[in-house]
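Each of the two complexes below includes subunit A, the first together with subunit B, the second together with subunit C.
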Partner chain A sequence: MWQKLKDGIEIRIGLTDLIENRLRQYRVPSDTNIFYTLGIVTMAAYVVQAITGYFLLMYYVPHSEHAFRSVQDIMTIIPFGWFVRMVHMVAANLMVALLFIHFISIFFMGSYKKPREITWLAGGLLLLVTLAFCLSGYLLPWSQRSYWATTIVSNLPTAFPVIGDALANLLRGGDSVTGITLTRFFSLHVGFLPPVFLSIVGLHIFLVWRIGLSVPPLSQSAEEESEWTEFRHATYSRSYPFYPNFLLKEVSMIMLFLAVTFFIMSFMPTLFLPEAATTPADPLNTPADIKPEWYFLAPYQMLKMIPNKFLGISLQIIAIIVFLFWPFFDTRAERNIMKRPLIFGIFLVLLALWFLLTYWGRYSA
Partner chain B sequence: MKRRSFLGVLGTLFGVTAFGSVAYPLLRYLGPPQAEIDAGKQSFKKADVGDAREIVFQNTPAIIINRPGKGYIALSRVCTHLGCLIDYDRKSKKLICPCHAGFFNLEGRVESGPPPKALTTFPLRVEGEDIIIG
Partner chain C sequence: MVLTNLLGEVLSVRYIYILSLVILVSVATTASAGYREIFEKEFLSKPWSTDIVAESACIECHTSEVMDEKFRSIPQDWRVSWHAQNNVSCHDCHGGDSEDASMAMSHKRGFTGSPNYTDIPEMCGKCHIGILKNYVESGHGKALIEEGTGPNCITCHGSHNVQKVHIDIINAQLCSKCHPYERAKIMKQALFLTEKKIEKIENDLADLRKQGVYPDREEKNLFNTQAQFRTLFHTIDVTVVKDKTNFFTSQLNSIEDDIKGTFEELSFRKKFSTFLMLIFAGTWAIVTLIIRSKD
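The block that comes next holds the complex of A and B.
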């Protein structure tokens, strides 16, 4: 019976050929480390988000008078509703952490250099789309934190002269955050961002597959170091098959991600749920200790410190542009960051600054 | 004009028309609906000297403060930095934004922190036991 089914599939889609030629013969450098799996682990996190998001949609009501209640009902009344929501929330935070680590490792290994500039750019856009997912997502529970964090972010465009107010009003659908903003962010979260995300992730994966994985800079051979004057698939002096070797490594890391998610849910359930996230939105009362999510703490603290709003926001936009187009600025072929002390030093300082601002933003008054 | 150039011009014209015909309605669709605002005057109860009363005036959260020796003032509570609502601190006689630590004095002027300008002031007058704003 099983064999018959297998033969039937084989005749129709050529599974053996697919596995042999597309997966087994697809080579991966044998020096790859666990950081090479972060892309697929992040992708797995997105899949978790899509599945849990779909189930949350069954009970969530995107209306300012019902949103908070419906989320509370999911947490307390719906059987295992708390489980679905907690997975969605914890995995969202881990997903952002994974993206950050992915970018840091790509930077350290110089994997963004020619011919992988567009892969980096697509990845950068994915990070921005992910942050837009987070931002639009955390208004949905209509809690105090949701409401006031969105108030702050939706006021950012007002820093720009002439068009600033119009832009902010367009984003919110009014002068302040209201039920219109909630439905607007809801449609963004479930209707607009997913297809945008899928298009960019498709391009990103296509490019990774088409060009091939980069070799870690320390184990690069002369051939691998040669300049890219025309398109070719990456070749490796030492390699192993994508399937099953590399895929197994990836699956192990996905399991680690799931283990961490469930560990946090079980033993640190309030890690991403401060008090302001469990009290209903009150448009007439800004809570005293309102803080954004951890990944927005550094820009939040920066805005607090820079006295000029336009300057503060402009600096952040410039930083985003430099980050997105970094491979086009840094065109030197040398991939070993240890041989580039200036870039290495600047990057370490920026990283330390980011941690410092995050810490400061978390604990400052 | 050659046929190819003519078709190019025609294509561009149709393209621009099609784009404009979609973009304009879309922008209008996304534009905020006009909120109903009561443009008239509103009356509120008085506050004790040194005290403040939080109100909503024309859909805007506002505050009436009875300043010692200076009388009443009505200010918008919306911080001019990023829109959080300021609180009145009776002890320090300051208005404080909890989001980015902006401090305003009781005239609504910025004392410290990132807010770029003073709080909006609403004209008021005292009539008997009431304060009339607007």
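The block that comes next holds the complex of A and C.
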């Protein structure tokens, strides 16, 4: 029976050829570390988001009068609704953390250098889309925290002269956060962002596959050093097949990601669910202390520090542009960051500043 | 060699650009204090919510220098009161128009000002309807209505700094202002167990909230039961309280059972997540061993 099924598939899609030529013969540097698997783990996190998001959609009501109640019903009445929502919430936060670590490791290993500039750019766009996912999804529970955090964020475009107010009103659908904002963010979250995300992921994976994985700068299996004057797939002096060797490494890291997700759900269930997140939104009652999620704490604290909001927003936009197009600024061939003390120093300062601002944002009044 | 490389990078225009960004960020982080007000004004405002946040005409006037000093502490007393925490404001009791200073004390807008001593229960009873009924029929109420000397609401609860009721409001110091404490003590004993149960349920509900649960149904049930029970107390009839205690205890037990169920559910969630964590951690360990064996 099994053999018959296997033969049937073999005749129709040529599975053996696919595995042999596309997976086994696809080579990967043999000294890749676990940081090379973060891309696929992030993708797995997205798949988890898509599946749990689909189930949440069955019961969530995107209306300001019912949204909070429907989320609470998912948490308390719907069988295993709590499980679906908690996985959605924890995995979303871990996905952002994974993306941050992915970028830091790519930067340290110089993997964005020619010919992988577009791969970096696509990755940067994916990070921005993920943050847009977080932002739009954040409002949906219509809790006190989500309402007021969105009030802050949706006021940010007003920093721009002339078009600022119009932009903010377009985002909110009015002068303030209302039910219209909720439906806008909802449609963005479930209708617009997923196809955008998947399209960029497609491009990102295609580029990684087409060019081949980079190798760590101090690796024994270094790529050919010749100039990239025409397209060629990366070649390595020491390599192993993608399937099963590298795929197993990826599977192991996905398992670890899921184990961490359930660890947080077991032992730190309120890590991303503070009390203000379980209090219904009250537009007439401004909470004393509003904090955005941890990944927005650094830019939030920075905005608080800068007296002029236009300057604050402009700085952040410049930082995003520099981040996205970094491989086009940094065109030196040297990939070993230890041989570039200035870049290394600047990066460490920025990283330390990020942590400092995050910590400050979390604990400041 | 390293020095030449470093110099080359410093001279590169793009790095000067990046460096300037770092300096700007650093300057921003060490910027002066006082930012919070500006930030809130810029980002935390909504055209229609600022009206609510703005001080009412009553408070503005009562906190101004022109106000007689004995009335100036009223807003501060109110701000820390249970009423303030529940959005009950000046005009809810005293009438008038809190949004229009010129009409704030207009009788056309229902302003009653400071009521007479004997009219106070009626003022409070506009909202606390059940309590008014029981109070009027009680010894306290009769003494006030018939003789004009009995205690009214503010005798025990205070006026502007009304606090959330606790059983300790019945105490020797307060009650013995008018009569021996012994009778009040018997009443306190009759109430004690039920009040303690209410207190425990309140703590459990606060605990549930901390654990990410929104126990609104239990909170509403508790509020209703508590309100009915405390209404009963205003009869100051120990027999009535004792007779009805079983009824309230069973209602509170039902709420406690619901809360217990929620705690059990939380415990199940933890066990279920831990089980899945172990499954995936185990799979991770097995796959890692397979990878090692292949290497």
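We take it that the second predicted complex is superposed on the first by the 361 of 365 C-alpha atoms of A that agree within 3 Å, B and C clash if a C-alpha of one lies under 4 Å from a C-alpha of the other, contacts with A are read in each partner's own complex, and residues count from 1 in each chain.
The rule is simple: a contact is a pair of C-beta atoms (placed from the backbone, for glycine too) under 8 Å apart; a residue touches a chain by one contact, two chains touch by 3 or more.
Here the structure is a predicted model, which is why all the values come from computation and not from measurement.
Annotation for the three-chain superposition on subunit A: subunit B and subunit C clash.
After overlaying the two complexes on the shared chain, residue contacts for A:180 are found with subunit B alone; subunit C is out of touch.
By the touch criterion stated above, A:245 is placed in contact with subunit C alone, subunit B being left untouched.
Contact with subunit C, but none with subunit B, is seen for A:318 once the two complexes are overlaid on the shared chain. Look at A:259: by the touch rule set out above, it reaches subunit C but stays clear of subunit B.
When both complexes are overlaid on chain A, the residue A:307 reaches subunit B and subunit C alike. Shared-chain residue A:198: touches no atom of subunit B or subunit C.
Contacts of A:353 after superposition on the shared chain: subunit C is touched, whereas subunit B is not. When the two complexes are overlaid on their common chain A, residue A:289 makes contact with subunit B while staying clear of subunit C. In the superposition on chain A, contact of A:170 is made with subunit B only, not with subunit C.
Between subunit B and subunit C, it is C that contacts the larger number of residues in subunit A. The contact surfaces that subunit B and subunit C form on subunit A in the two complexes overlap at residues 148, 151-152, 155-156, 158, 175-176, 283-286, 290, 303-307, 309, 312, 365.
By the touch criterion given at the top, residues 27, 30-33, 35, 54, 56, 59, 61, 78, 81-87, 97-101, 113-114, 116 of subunit B touch subunit A in their complex.
Subunit A meets subunit B in the complex at residues 148, 151-152, 154-156, 158, 169-170, 172-176, 180, 283-290, 300, 303-310, 312, 364-365. Across the complex, subunit A is touched by residues 2, 5-6, 9-10, 14-15, 17-19, 21-22, 24-26, 28-32, 35-36, 38-39, 42-49, 52-53, 87, 209-214, 216, 262, 266, 269-270, 272-274, 276-277, 280-281, 283-284, 287-288, 290-291, 294 of subunit C. Listed in rising order, the residues of subunit A touching subunit C in the complex are 72, 75-76, 82-83, 86, 148, 151-152, 155-156, 158-159, 175-177, 244-245, 248-249, 251-252, 255-256, 258-259, 262-263, 265-267, 269-270, 273, 275, 277-280, 283-286, 290, 301-307, 309, 312, 315, 318-319, 322, 329-330, 339-343, 346, 349-350, 353, 356-357, 360, 365.
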